[in-house]
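Heads up, there are several structures right after this.
Across the two complexes that follow, chain A remains constant while its partner is chain B and subsequently chain C.
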Partner chain A sequence: MIKVIKPGLQTTVQDKGRIGLYEIGMPPSGAMDKYSFAAANLLVGNHPNAAVLEITYLGPELLFEKGMRISLTGANMPPKINGEPVPMWETLEVKPGDILSFDFVKSGARVYLAVEGGIDVPVIMNSRSTYTLIGIGGYNGRALAAGDVLHTADMKEKDVPVGSRIDEAYIPVFGKAHEIRVVVGLCSYRLTEESKQTFLQTEWTVTPEANRIGYRHRGERLQFVEREQPFGAGSNPSNVTDLGYPIGSIQVPDGVEPIVLLHDAVTGGGYATIATVISSDLNRMGQIKTNEKVRFAAVSLAEALQARRETEEKLMRIAASL
Partner chain B sequence: MGAKGVSGVPTRYEYGGDEFIFVQFSEEMSLESNFKGMAITRKLKEKQLEGILDICPSNASYMVRYNPDVLDSEELMDVLQEIEKTTNRLDDVTIASRLVDVPVLFEDPWTHEALMRFRDRHQDPEATDLEYSAKINGYASTEKFIEAITGAPFLVSMIGFVPGLPWCFQMVSREKQIEVPKYVRPRTYTPERAFGFGGAFAVIYPVQGAGGYQLYGIAPAPIYQKEQTLPDFQDSMVFPRQGDIFRYRSITREEYEDIRRQVEDGTFVYRKKDFSFTPGDVLADPEAFSENVMRRLYHD
Partner chain C sequence: MSDKKAILSPLPGVFYRKPSPEKPDYVQEGDTVKAGDVVGLIEVMKNFYEVKAEEDGVIDQFCVENESIVDVGQEIVSLK
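Presenting the complex of A and B:
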């Protein structure tokens, strides 16, 4: 059992997500940085879809009431056991009565804490992920609160020795300026040619509205091609007849502040979407903090697929090394 | 790129990153585009292609999420374009639908309180959403406007936004279709079960949250229930299905309270009838189709 002494800013239970229900408006939820999530589970020998804790910006304080192996990956948020610094990206061991806490985050935004066997919460529609907007999944459909007690599940698949470490080459480094690769398309025909260039050339600043739903960016105003709005779309030039929003798609309501939609986002609506963040860079998007800088780089589908393969190969090499 | 789409505009096929393909039949909303999307996504579902994660039909478009490690992106693109080529005759498609009576209390105190809080984000801060919408659609009074909304049924044309939100498109001739703008800036608060209108679509908000549609009233019965205690929610937390036909019926405060009690004690059931139709039945004469639907729902 793990007792929550302090919950941190927002600590939720997440796995790979609730896949296959997008058509009824159910977003997948799931870990924002699936690379760090997968690495955390590998370090404790868990099934790839075992649930972990996703820790955002400010770490929790947790009391372990039984001994177990744990691992911490993702953002650089120096962890301590009983006040003593311990490494991230390594298989650790806690003893009954040990307390895990964190220093302030140095880089990145989200830490993944995996425990041997995974976090045991009810499976709702094939997933243990928390979706707080409607209060389903995870721990009672919400972020952790002081006094909550977590149990471990039985999704351990192999014994990974304490002290096993992920090769430095596979540990992502998170800076304060980010290049995020996108495939331009969807309704990008709605932007003027000049604004398409502006979108790719601007150094955007992440606003305080940056969470599991999406990230809003401040920078330049974008212009849409003037037209008489088609029937059903609504009157603003950024409006289109309501349609589905891909995960990672970017919309620009009224031409101000592009929003990247993430794993808890609405599944559809009436704004023109102009590009989509490629799947491997969604992981890095989830590690960006408010006030950091983002540039969107256009890539082809072939390049997106190549980046996807590289991410998968890294995880396969990590798995082989443990 | 695509085949000749609805109203002569080529269908637009686009990749949404490495996991999505987005297909748009027309930029404007029409029953024809919606039926075309239903027909194609149903055929795609029947193929049961390995690697497809989600098939999401929407208003005048649809979207597919797939795993490119299992299903090649270009191969899927070819499959989708091939299905469109072989889906020219919409009359081959039968839509298994339900006719549903959906009660709505118009001009209720809860949505009124919500919309008054956000007048600074509205096109016409001096009027209510209903007064503004009636005026710009040429209705002499809010009563006449409510009559137009409740006088003909709506096709549930898309589900999404949050779990269970139905986009509903009225089955009337084009000149009678209502169209309203969305708020200038979206509200940060909308009551659960609020009945709203934006673009050409009526919606019910399943849960409390943000929203940009004009607010006219509130439904006493849920369209989303996570506890799944009501009989209509036994199989799914979400009640509406694409292709359903909803008739919004104006009710009194008394009936509202009565239905609320039935919801609370777990006995509420939507008045509904199974019903099959082809797109051709509607497109040939939407008015006659609507009258037939109303008769079936309340008198047969």
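Presenting the complex of A and C:
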């Protein structure tokens, strides 16, 4: 059992997500940085879809009432066990009575804490992920609160020795300025040629409205091509007739503040989506903090798929090394 | 006790000196605070996080304006 002494700002149970319900309007939720999530589970020998804790911005304080192996990956938020610093990206061991706490986050935004066997919460719609907006999944559909008690599941597949470490080359480094690759489209035809350039040339600043639902960016105003709006599209030129929103798609309501839609976002609607963040860079997107800078770089679909393969290969190499 | 102590922001977000627009500020410069007293709020991701004094002291000055955007580790209040 793990007792929550302090919950942090927003600590939720997440796995790979509720896959397969997007077409009925149910977003998948799941870990924002799936690379760090996968690495955390590998370090404790868990099934790849075991549930972990996703810790955002501010670490919790947790009391372990039984001994177990744990791992911490993702943002650099220096962890401590009983007040003594411990490494991240390594298989650690806690004893009964140990308390895990964290210093202020140094870089990145989200830490993944995996425990041997995974976090045991009910499976709802194929997943243990929390969707706080409507209160389903995870621990009672919400972020952790002081006094909550977590149990561990039996999703351990392999014994990984304490002290096993992920090779430095596979540990991502998060700065304060980020280049995020996008595939331009589906509705980029609605932007003026000049605004398409502006979108890719602007250094955007992430606003405080940046969470699991979406990230809002401040920078330049974008202009849409003038037209007589078709039936059902609404009057604003940033509107189109409804379409599905891919995860990572970027909409610009009224031409101001592009929003990258993420894992807890609505699945469709009537805003023109001008570009889509490639899947492997969604991991990095989940590690960007409010106030940090983002530039969007256009790549082809073939380059996006290649980047996805490279990310998968990295994880396979990590798995082979443990 | 002449050495100054700082209250740092643990989060990035918008800093507020009062609990809601029509309420007075939590604390003023010159006020005495005890460990655990709330000195402001940080809003991020539609969450409000209470910034508390970690030790007893007297508010020397606020280092950031009300409703300004702050970073992790930025000094919000100095105590004396």
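Methods note: the second predicted complex is superposed on the first by the 322 of 322 C-alpha atoms of A that agree within 3 Å, B and C clash if a C-alpha of one lies under 4 Å from a C-alpha of the other, contacts with A are read in each partner's own complex, and residues count from 1 in each chain.
Everything that follows uses one rule, which is that contacts are C-beta pairs under 8 Å (C-beta built on N, C-alpha and C of every residue); 3 or more make two chains touch, one makes a residue touch a chain.
Quick caveat: nothing in here was measured; it's all calculated off a predicted structure.
Colleague: Following superposition onto chain A, is the placement of chain B relative to chain C best described as a clash or a fit?
Modeller: In the arrangement built by aligning on chain A, the partners chain C and chain B fit side by side.
Colleague: For A:I136, using the defined touch cut-off, is the partner it touches chain B, chain C, both, or neither? Pick first, second, both or neither.
Modeller: first
Colleague: Between chain B and chain C, which makes contact with more of the residues in chain A?
Modeller: Touching more of chain A: B.
Colleague: Let me test your reading of the model: by the given contact rule, A:G232 touches which partner, first (chain B), second (chain C), both or neither?
Modeller: first
Colleague: Does the superposition put A:P246 against chain B (first), chain C (second), both, or neither?
Modeller: first
Colleague: Counting only touches as set out at the top, which of chain B and chain C does A:Y170 meet: first, second, both, neither?
Modeller: After superposing on A, A:Y170 lies clear of both chain B and chain C.
Colleague: A:E209 contacts which: chain B (first), chain C (second), both, neither?
Modeller: second
Colleague: After the superposition, what is the least C-alpha distance between chain B and chain C in whole angstrom?
Modeller: Comparing every C-alpha of chain B with every C-alpha of chain C, the smallest gap is 11 Å.
Colleague: Considering each complex separately, which residues of chain A are in contact with chain B in the first and with chain C in the second?
Modeller: The answer is that chain A has no such residue.
Colleague: In the complex formed with chain C, which residues of chain A make contact?
Modeller: So the residues of chain A in touch with chain C come to 9-10, 56-58, 104-105, 208-212, 289-291.
Colleague: Can you list the residues on chain C that touch chain A in the complex?
Modeller: Result: residues 8, 10-14, 43-47, 49, 69, 71-73 of chain C touch chain A.
Colleague: Residue numbers of chain B touching chain A in their complex, please.
Modeller: It comes out as residues 12, 14-20, 22, 24, 26-30, 53-63, 65, 68-69, 73, 158-165, 167, 169, 174, 177, 179, 181-182, 185-186, 198-201, 206-207, 209, 224, 226, 236, 238, 242.
Colleague: Which of the residues in chain A end up touching chain B in this complex?
Modeller: Residues of chain A touching chain B: 19-26, 133-136, 182-183, 185-187, 189, 230-236, 239-244, 246-249, 253-254, 266-270, 273, 276-279, 301, 304-305, 308, 312.
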